[in-house]
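So that we are looking at the same thing, I have put the structure below in structure tokens.
Think of it as A, B, C and D in the order they're written, each chain with its own count starting at 1.
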Amino acid sequence: MQVKEYKPLIVAFCCNWCSYAGADLAGNNRLAYPADVKIIRVPCSCRVNPMFVLRAFQRGADGVIICGCHPGDCHYTSGNYYTRRRMAALFSMLDYLGIEKERTRVEWVSAAEGAKFAATMNDFAEKVAALGENKRLEDLRCKK
Amino acid sequence: MQRIGVFVCWCGSNIAGTVDVQAVSEALKNEPGVVFSTNYQYMCSQAGQNIIKDAIAEHKLTGIVVCSCSPRMHEATFRKTAAAAGLNPYMVEIANIREQCSWVHKDMLTGTEKAIILGKAAVAKVNLNTPLTAGESPVTKRALVIGGGIAGIQTALDIADAGFPVDIVEKKPTIGGKMAQLDKTFPTLDCAACILTPKMVDVAQNENIRIFSYSEVTEVKGFVGNFDVTIKKHARFVKEDICTGCGACTEKCPMKKVPNEFNLGMDNRSAIYIPFAQAVPKVATIDPNYCNMLKKGKCGLCAKVCAAGAIDYTQKDEYISEKYGAIVVATGFNPISMDKFDEFAYNQSKDVITSLEFERLTNAAGPTAGKLVRPSDGKHPHTIVFVQCVGSRCSACAEKGKEYCSKICCMYTAKHAMLTRDKYPDTEVYVFYIDVRTPGKNFDEFYRRAVEEFGVNYIKGMVGKVTPEGDKLKVQASDLIANKQLHIDADLVVLAAAIEPDKSARPLATMLTASMDTNDFFTEAHPKLRPVESPTAGVFLSGACQGPKDIPETVSQAGAAASKVIGLLAKDKLTGNPCVAHSNELMCNGCSSCERVCPYGAISYEDKEFRMPDRTTKIRRVAVVNPAVCQGCGACTVACPSGAMDLKGFASAQIIAEVDAICK
Amino acid sequence: MHNNKYLQEELIRMSGVNPKKCMRCGKCSATCPAYDEMEYHPHQFVNMVESGDIEPLLASKSLYRCLSCFACIDRCPRGVEPAKLVEAVRLAAIRQQGANHLTADKVPTMLDEDIPQQAIVSAFRKYSK
Amino acid sequence: MQKITREQLIDKAVSLLENGTVEAVLGWGKGEFDYDVTPTVFKTADEINAGFVWNDFCGANFSRYLVAKTGKIEGKILVFLKPCDTYSFNQLLTEHRFDREKVYAVGIPCEGMADIAKVKAVCGEGISAINCDGEKIAVTTLYDDEPIMVDAKDVLAERCVNCKSKKHVAYDELLGEEGEVVDSARFDEVAKIEAMTPDERFAFWQNELSRCIRCNACRDACPACTCEKCVFDNPNSGVENKAPANSFEEKMFHIIRAFHVAGRCTDCGECSRVCPQNIPLHLLNRKFIKDINEFYGEYQAGAEVGSRAPLVDYTTGDIEPGEVFDRRDTNA
């Protein structure tokens, strides 16, 4: 049997105006972070439906991180405030159901914070990797 | 089923150095819907774009995926390319394999692997893309300016100069606002009337400007480019078009004991009045609360003396409906009430006044004809104490005053102190300050001049208590530098009262669905990048309704707001962002959750009739998104429990398809 | 400067006052009727507690000059409540003296005619627990 | 053990029907079993006299039925509301789900309802008849000759043991006495689960939720789940899913359901009452309510019409999602 090296799968939802641009800046400055992080662009962090988060876990993601503009800097003035409330409630609920709290995170990354983006992703990937595979929320049929 | 073309860019070695572009285009060939896949050195080059155009034509592509740099860089480029080849520009998706892949990963294997996954996600998304067309709406080429102070005047003049008709709605009988009440203006000390009244005349004479004075906005419907506004014109009992403003009526009016609001109640006016000599429109107004004819049906003197026959005691309030393309809010400010500040004895002594009252006292057209005297006994004051920050910079827990800095007080107090010392060198002037804030061109120089040339005593510390005793005001204050408590016998105390938005702003904001902060200042669409726009499209902000401002700042903001309005009115049609929310009325509950999170007021409700399976009909309340107002943030899509609300271009199904492709 | 961290935290806890809220306007001292009696004035209390310079306050007679009239609390624009801080320093001083509180029957002998009526009433209000 | 009698309710219903105030009555009707009381619309006095039920098993919260029923009649419908039902009533009004003008709401006091599962735990299966008589419930089963007498207090439903309010927040008319908002220990159970280790929590919920058969009873009884079409029935939502295929989907369903009602759930407990598998679903909803109270200040959905649900509101100083755990960890 071939033993594959364990690599966590991380889905990052980034808002178009701040965090996605922050990720681009990390690229411009060649600040490395694990390739396990895959970014999905959304117009605003408030577009992220809890269903997307759960779907990612279902399909085998090991961690989900949501990045948006810093509170007060939202391109749409208030979107990230709603994100903050929704995700505080959702992540608390996931923790209540026994899903490790290190697998979920909300981080505010501005378009100027390329270094913060890379550092956040490195740190998050490390924490998720330490937990190992997500077995609690995944749908086994989705594993090949 | 879509026919998708995949175009992988090398970006020279920027991508190809860490990603095996050949392998990526090969791998994506097998994805569902993909009928063509290729790679090229520079996709954004003319040659690269031609490859895309040719492939769209040759393979009858319905959607394309470009694996290249960030969409923030070239999404617009490739959308144009697609459009040029006859493909809907919103059938283009970008997989960011440069900034978020080749540049941050070092070895070829992981880079290629990730690039393929990102490509797959983009393909999965394009599979669910639908052609989007931006909605268009016409623009009514007329602007409304609410408020006729210097902010409103400047905005209206600038818009009118660009050739667009403008209406100014002013609730007072004349335009001019606070600036008309001021004496001199800092830091140049030119007289306010000298620079303001020509502008007021310009407004009156400008063919593009209509003034609705003594009027207010009562209803606003519609959206950017298409506002329907109802304006209530209060009955002034004088026919505006006939009155010549000769003033004969005001002289003959027997009811002369009406507190004059223009002079802040420091003298009286008649029941029929013209607020001040340079009023625009220069038309008399009858105050129905004091006019004997209107109250008791006895008198009618003004009608008798009016040679023009302009008096009409039967006049009624009039409602005017007008369409506008843009609305500018310029509702301005007022000093706060001093009622909660007992320690300064404002309500006990006539000789404790606010700075605005001081302006009237020193104004040549004011109640004392410009002679600085004590309001109580008309004597010349020899010691004047100015108190700064009265009600400004108060903590919320102190429960009185405002948390913000009112910004203008430091400068006008320096001006008052300087002018007093200039005109009456025998007067001792003390200014008690916490900090002196002078960030502005020539502001600090001005303040220093007050101290160094005019000998104003600036004392760091606060006045704790003012006690009227005999004809003196005992002022107890601290001098923090000398660490002493001072006791000054003053003749006049002037309070630099904090300023607050006009009370009419809050109901107006509700009508406009424009947002406000906790202090009732209007919020900007973006605090740094869109400071003169409200988040509600088509609503612009001018002057102190957005935050405390001095005259130069107000005028520059007024001009900025005008240029935004002109930019809007110059368009024949507004093209919206096609990536907007839309509600599936079959699933909508009408619960208002989406409306509550929408920052733009883009969602409204209507009752709609539905045919039920059993052939009955049912009327349900459903949400309707106005695509001209929606900015596409998506907050509503998550607030909606039934999933009726979705976002075009970022639909739930599309994002889930991306998640699935990444997590395979 | 002598910085007494422990005492500082204790005073902040006892009084519930956050001296960091002070914007140094001096209105508390401006308003204080006992200003001239005091070596350290209300704004200095706030400032000195903030910087941990508390020993001089404990040793100072200024503590007992505060009438607890609360004018400073009423008028402070930032809601700092200096009188509560003075009160806390006073309590700290009393606690340091040990358990030698006055008994009620000793009080009349200590009163003299110069003590302001307001001070006596305030003292009863504040110390009769 | 109810203080108000069936006769009182019938008198009220019949008189309102006869004087034309209402044209239909939404009340509890006979079901297949005595404990299986079913929400029923009565149109005549005869129907009411024959079929109206009022006993310790009348737990059903009628508020949600108004959404469908008010659309079907011209005039008014009479609805009986227990105190906890009135909160749902207000919440639905806040969300514009029915026309207040078409409803005549009669508030009735409630002394707490019985839980049939608890009765069965005492008496066993095969219950053929139940008679509620004062403080006692007489249970006749196929296997016992004599009816088994059960103390009504001993079989009180969990939601009634932890009753949050005996006060009606909405009605047109009140029968009987008005009560007060009660200090309840309803969050104790949630706190107990929170105090477990993550592994224990996971095991607890795995055990509970794995029993779910996706009958959708919780959804169909819930006064907050009144969507015209549920996201789980909608092929365009991306999460369409009519029946669970494995343990993930049970969780997905229940997390999303709880999230969708978060801030809107009045904690009426209907979900747990109707669950045929006795899954303590209210513990999910209460977790959200507890969190919302702790993070954003006390909020009771439905306490007043028009209040803004916490998840469609914000303040600039809200707690960060990460701080939620720090706060809990320091409290623990």
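Everything that follows uses one rule, which is that a contact is a pair of C-beta atoms (placed from the backbone, for glycine too) under 8 Å apart; a residue touches a chain by one contact, two chains touch by 3 or more.
Note that the coordinates shown come from a computational prediction; the quantities given were computed from them, not determined experimentally.
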Identity of the chain that, by mean CA position, is farthest from subunit A: C
CA centroid of subunit B to CA centroid of subunit D, Å: 46
Separation of subunit A from subunit C, taking each centre as the mean of its C-alpha atoms, in whole Å: 52
Averaged-CA centre spacing for the pair subunit D and subunit C, given as whole angstrom: 56
For subunit B, residues that touch 2 or more chains besides their own: 597, 639, 652, 655-656
Multi-chain contact residues (two or more partners), subunit A: 50-51, 55, 72, 78, 82, 86
Shared-contact residues (touching 2 or more other chains) in subunit D: 231, 237-239, 311-313
Chain-level touch network, classified as line, ring, star, complete or other: other
Pairs of chains satisfying the touch condition: A-B, A-D, B-C, B-D
Subunit A contact footprint on subunit D (complex, rising order): 190, 193-194, 198-206, 231, 237-239, 245-246, 248-249, 251-252, 255-256, 258-259, 262, 284, 287-288, 291-292, 295-296, 310-316, 318-322, 324-325
Touching residues on subunit B, where the partner in the complex is subunit D: 584, 586-593, 596-597, 605, 616, 618-621, 639, 641-644, 646, 651-653, 655-657
Complex interface listing, subunit A residues touching subunit D: 50-51, 54-55, 58, 71-72, 78, 81-82, 84-101, 104-106, 136-141
Contacting residues of subunit A [partner subunit B, same complex]: 9, 11, 16, 20-21, 23-28, 30-33, 35, 38-44, 46-52, 55-56, 59-61, 72, 75-79, 82, 86, 118, 142
Subunit B - residues contacting subunit C, complex: 343, 389, 393-399, 401, 434, 460-465, 476-478, 480, 483, 485
